[in-house]
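See the structures that follow.
Below are two complexes that have chain A in common, paired first with chain B and then with chain C.
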Partner chain A sequence: MSQTLIGPKATPRPRVITTEPRFTDKVFRVVVTSGGMISLVLLGLIGFFLVFNGFEAMRNAGLSFLTGFDWVDAIPEENQPASYGIGAMLYGTMVTGILAMIMGVPVAVGTALFLSYYAPEWLKKPMVVVVDVMAAIPSIVYGLWGYFVLMPHAEYWAKLIHKYFGFIPFFDMPAPVFTRSPFIAGLVLAIMITPIVTAIAREVFAQTPLERIQAAYALGATKWSMIKAVVIPYGRGGVIGGAMLGLGRALGETVAVYTVLNLVYDIRIEILLSAGGSVASMIVNKFGEADPVELQALMAAGFVLFLVTLAVNFLANTIINKTARE
Partner chain B sequence: MSQTMIINTPQKPWKLTPKQLLPDLLGAIFTVAATFAIVAISPLKGKLGFALTLITMSILVSTAVSWIRQDRKAAMNSTTTVLVYIAAAFVIIPLTSVLYEIVRLGAPSLSFNMFTNDMSQTASEAPLTEGGLLHAVVGTAYIVTFATLLSTPIGILTALYIVEVKGRFAGLVRFFVQAMSGVPSIVAGLFIFAVWMIQLGNSYSGLAGGLALTVLMIPTVARTSEEVLKLIPADLREAGLALGATQWRTVAMVVIPAAKSGLITAVILGIARVVGETAPLLLTLGGADALNLNPTQGNMSAFPYYVWKNLLLGSENAVSRAWQGVFILMVLVLIFFALARYFGAAKGAPK
Partner chain C sequence: MSNQTDSNSGNSRETNRGANMSKVTGKPVDKAAIRGASSSPVSSHSLADVANARASKLGAPTTGSTGLEAKNIHAWFGKKHVLEDISMDFFSGTVTALIGPSGCGKSTFIRILNRMHEFIPTAALAGQVILDGKDVYEPGVDVTKIRLRVGMVFQKPNPFPSMTIKENVLSGLRLAQIKIENEAELLESCLRRAGLWDEVKDRLDEYGGALSGGQQQRLCIARSLAVNPQVLLMDEPCSALDPGSTLRIEETIRELSASISIVIVTHNMQQAARVSDYTGFFLSDGGPGRLIESATTTEIFTNPKQKRTEDYVSGRFG
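The block that comes next holds the complex of A and B.
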């Protein structure tokens, strides 16, 4: 009968000690890494496909795509070539974005200061909820509200501003149409970016070293002197970053701006006049009836918008991260 | 058995006595009285005039009171205090107005048959008792489900890569995800249109809308999950590894269960972020008035699209329909918001 022999060959080998991850871990790492890379890839793909589809339009128009004023479809019967330029829209986007910052950022920073240093305990929590809910409201809601509720009021305010400050070129008025102006669009955008800027500013203020605050109070500072001497110098970078994040949001806003802004392919400095521009809104506006050639131009416009908002966001995040790390 | 107990009432020496509060109180009364007086006699009128006068007067009075009682520094302090309170009030006003108007204009015309009918047999101008938004309910359900199914794994894997694997590109991925959350929603729509429609030759569908929202939802899920995972104590991971578990087992059996409620919060916050997105849907859904049960083919509607369409039509009943849609959309957003807070509060997740 056969017998299993236990010979010297079968002595267990000493265990190999290694830092090499096991097979399951290798699989895990590969899966997680590829999952993590998807966002990077996606961002690259967005840029690539917009360029890919819009390249023709950008090449045809050259630099005038960025500086040109008009958006004219080709009319073959009259031998007129298509001419697409987003200069006016780009300018309008900047104007409404900057107006939103001018109106929104001071309020947001004030609110952040209020929440961090002024608010009584019982008011803090509900107030934070208010700001969070504001951030959660979809832009279509702001669009509807802005058009039907805010605009009648804002029109009246614009008339007052024109009446008393009309001598300043910005508030001048060539034609008495006060609805759907960059001023009103800026107002709606200001409301929309306030929660973001408030949240970032509050985060930054919360990191102010407590010792310095206490030191300022111990030296007899009033609340404002303390804020001026400690909180603002410490949090300045973060607040600027937060404001830029808000600007990025404002530049890319589509639906809410579309309802309260009259798109006009012209560059005007009068912000109360019913004529403005927005790249994002223009894309929605023109998308419906666009032929393939115009679609390419819209893709190119989307790419420009993508680049601008990405650049603003990069800069903002770099500033915020730098401030947060210090 | 007489036992005297001495209870020390807590002292609050910092609390202002009524006497110290008197000037402030008088100042406030004076401010309001003066505002009424000014509005009554000057050409300023209406709510705006009243508000402007009240703001100016409260700044002036509180500054003056502090200056007289103390010095310039105290006056400066009073001025800024009033300004900060005004800023906070400015934040509350629009939100109150938005919510109030949505309820005022959207709620009265709500009825049950809205949820059982679509608009295929009804003109937008028809009375609100006819037609409904069943097609939008179904569309939003499909689109949000798609976006959630796609973005949840990607978002959580991204967070795991940054926090658990800490790969070579962790910093880069983190930075790009941050930047991605700033990508305008219209660009996401254009991107899906360029790839899904132009390159791959598909037509409008619910799936395309879901894909566009996925692009927007990933960064929210990833960033919130990252914060949640960072809050899991390193002790737990080390305990798992010390027991001989592989990293995979540690993450799957220890870290993720510990972070469960936070990860749910992340997903819900992501849903709340995209459920009301309009611009990308305008480029990908095609819009429909009839109920479409096939999410992979045929034009689809959704709440934001329904609102948009009726808003552009502009007739009285259409606008009422838009407000109805906004009301329901807002209820949805607030439900998700409340759910996120509920799960977030469960285990000290962020926000």
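The block that comes next holds the complex of A and C.
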């Protein structure tokens, strides 16, 4: 015994630890791995397809594809080459998306807070169902409803905004045409993204730890001060994530925007004016009668939209992770 | 209910423990202490000794005007009757311990005292809780004001993780929209009273979650002190803590009881004996929980009137 205590003992090398999974476990691993890979592969293939088909157009146009305002087919008789640029459409997509967020997210968060903390029990369940059903309505229905029902009202609201806030450049009006404006498209998009943002915000708010809510109440908090101090800080990351998902949907929305927006190849800051842009709507607008060269340009436009949506989602994830860590 | 007779024999509220402590030596020894010392019918000598040690150290428990009183409280969850006809007085400047086996309604009872009971769906109650002469369940009472005056510390430490230590302590002011002149002074005094100042004074801007469990619980105590409550309810405040932190919190309770009244639910009878002036023993025989006996802590641990109390405090069941 005493001998083993004398002298430094050799430090053992760390053992290699392995486990042999069972057969069923291996099978399951293959199933879930392939499921996970399929979505990645699909994403990659879609990106590849768009690049492959649109590469020619992007190479011809160069950077002006992103910055240019024109979308002109070649006219051989007048010896005019084709010129394709999606700058105006890209800008228009951003404007309508941001307008949708500004108008939709506060409504969605308010709805979620109402459903979680204020709605009486008998109202809660039917309202949740209604909000969820709103998410399932096809976008063409929103488009038609927006065109025939919402637009006459929205036109009036736009006039009011112009009348009282016309001194702000955004609400200025060079020509008195208020229909099919970015404002109305943003309004329709806001209504379309509200259900998904509401559902996510409600889910996050519902997970607020009860002990923190009780701690706030036990300190004499009112409902609103409790929500400000506990629920909103807890749910912030999730709500931003939900809003970003909504933005992703708004940026890619095609048919509804196509119905209520007048596509004009120009960058204008006046959001009430009947002139806007949307990459997705432009694609659906031009797709039917495009010649092969224009089709390439449309593919390229699709690729840009694809990248923008990916970037938005990536940004959403970064924000969520960052707030979650804090 | 021996509590009630005591309350009538009343010194005024101002005779708080601080004053008593200075008079301890000159004071005649408490009757209960004599009983406990001479003939202890309870087999658990150590608990009786603990209770006696505290009683003789502090002199007779302070009696005074009633700050908080529960009158004929019944409680239900849905159809289940969980508390039956509980009446208790909580005297200003004293510590009252509520003991009893799990599920006998102690926590439900203290949650009724500051109207936290009503957050549980289907919860119902009957009876009155009188705070300074007024029923807190009367229609038109601002419930947030009640909770400002009757603070609460929970079983699991629950500081707000999105706030720093400093913000946590002062959060009650923000939540209740109270404005005060000197926040720094209040911050220090609350942390000092909770026995946490020396440990956190150099890291007030760190997040509350970075503290140990015991420190977090003391932070929660400091937080509830910041709104200056006259009663502090503690629902098993030490059950999630190690013995060292538990002792530290018991010290805090003892110091606090000089200025506010404390009601503490505990499963630890040693703790009840160490920190409380009065003890209420709750028991449920399968039906609703009842208050079996309520008296000075010395009496409960040395000379309980009820056989069931004696059995419980001597560890024969529960």
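Descriptive notes on the structure:
Keep this in mind: the second predicted complex is superposed on the first by the 280 of 326 C-alpha atoms of A that agree within 3 Å, B and C clash if a C-alpha of one lies under 4 Å from a C-alpha of the other, contacts with A are read in each partner's own complex, and residues count from 1 in each chain.
The definition used in the following text is that a contact is a pair of C-beta atoms (placed from the backbone, for glycine too) under 8 Å apart; a residue touches a chain by one contact, two chains touch by 3 or more.
All figures in this text were calculated on a predicted structure; none of them were measured in a lab.
Upon superposition of the two complexes on chain A, no clash is found between chain B and chain C, which fit side by side. Of the two partner chains placed by the overlay, neither chain B nor chain C lies in contact with A:G276. By the document's definition of touching, of the two partners only chain C reaches A:E211; chain B does not. Of the two partner chains placed by superposition, A:P182 touches none, neither chain B nor chain C.
Number of chain A residues touched is higher for B, counting chain B against chain C.
Once the two complexes are laid over each other on the shared chain, residue contacts for A:L45 go to chain B alone; chain C is not touched. Using the contact criterion defined above for the overlaid structures, shared-chain residue A:V230 touches chain C, although it does not reach chain B. In the overlay built on the shared chain, the residue A:G68 is in contact with neither chain B nor chain C.
By the touch criterion defined above, A:T222 lies against chain B and chain C together after alignment on the C-alpha atoms of chain A.
In the superposition on chain A, contact is made by A:G143 with chain B only, not with chain C.
Figure legend note: chain B and chain C, brought together by superposition on chain A, show a least Cα distance of 5 Å. Across the superposed pair, chain B and chain C both touch chain A at residues 222, 225. By the touch criterion stated above, chain A contacts chain B in their complex at residues 21-22, 24-25, 27-29, 31-40, 42-43, 45-46, 49-50, 52-53, 106-111, 113-115, 118-119, 127, 130-134, 136-145, 147-150, 156-157, 160, 191, 194, 198, 222-225, 227, 245, 248-249, 251-255, 259, 280, 283-284, 287, 295, 298-299, 302, 305-306, 309-310, 312-314, 316-317, 321.
Residues 114, 116, 119, 144-145, 147-148, 151-152, 154, 156, 158-163, 171-172, 174-177, 220, 223-224, 227 of chain C are the ones that touch chain A when the two sit in their complex. By the touch criterion given at the top, residues 48, 73-74, 76-77, 79-81, 83-88, 90-92, 94-95, 97-98, 101-102, 105, 153-154, 156-158, 160-162, 164-165, 167, 169-170, 172-173, 175-188, 190-191, 194-195, 198-199, 215, 218-219, 222, 246-249, 251, 272-273, 275-279, 282-283, 304, 307-308, 311, 319, 322-323, 326, 329-330, 333-334, 337, 351 of chain B touch chain A in their complex. Listing the residues of chain A that touch chain C in their complex gives 209, 211-212, 214-222, 225-226, 229-230, 233-234, 326.
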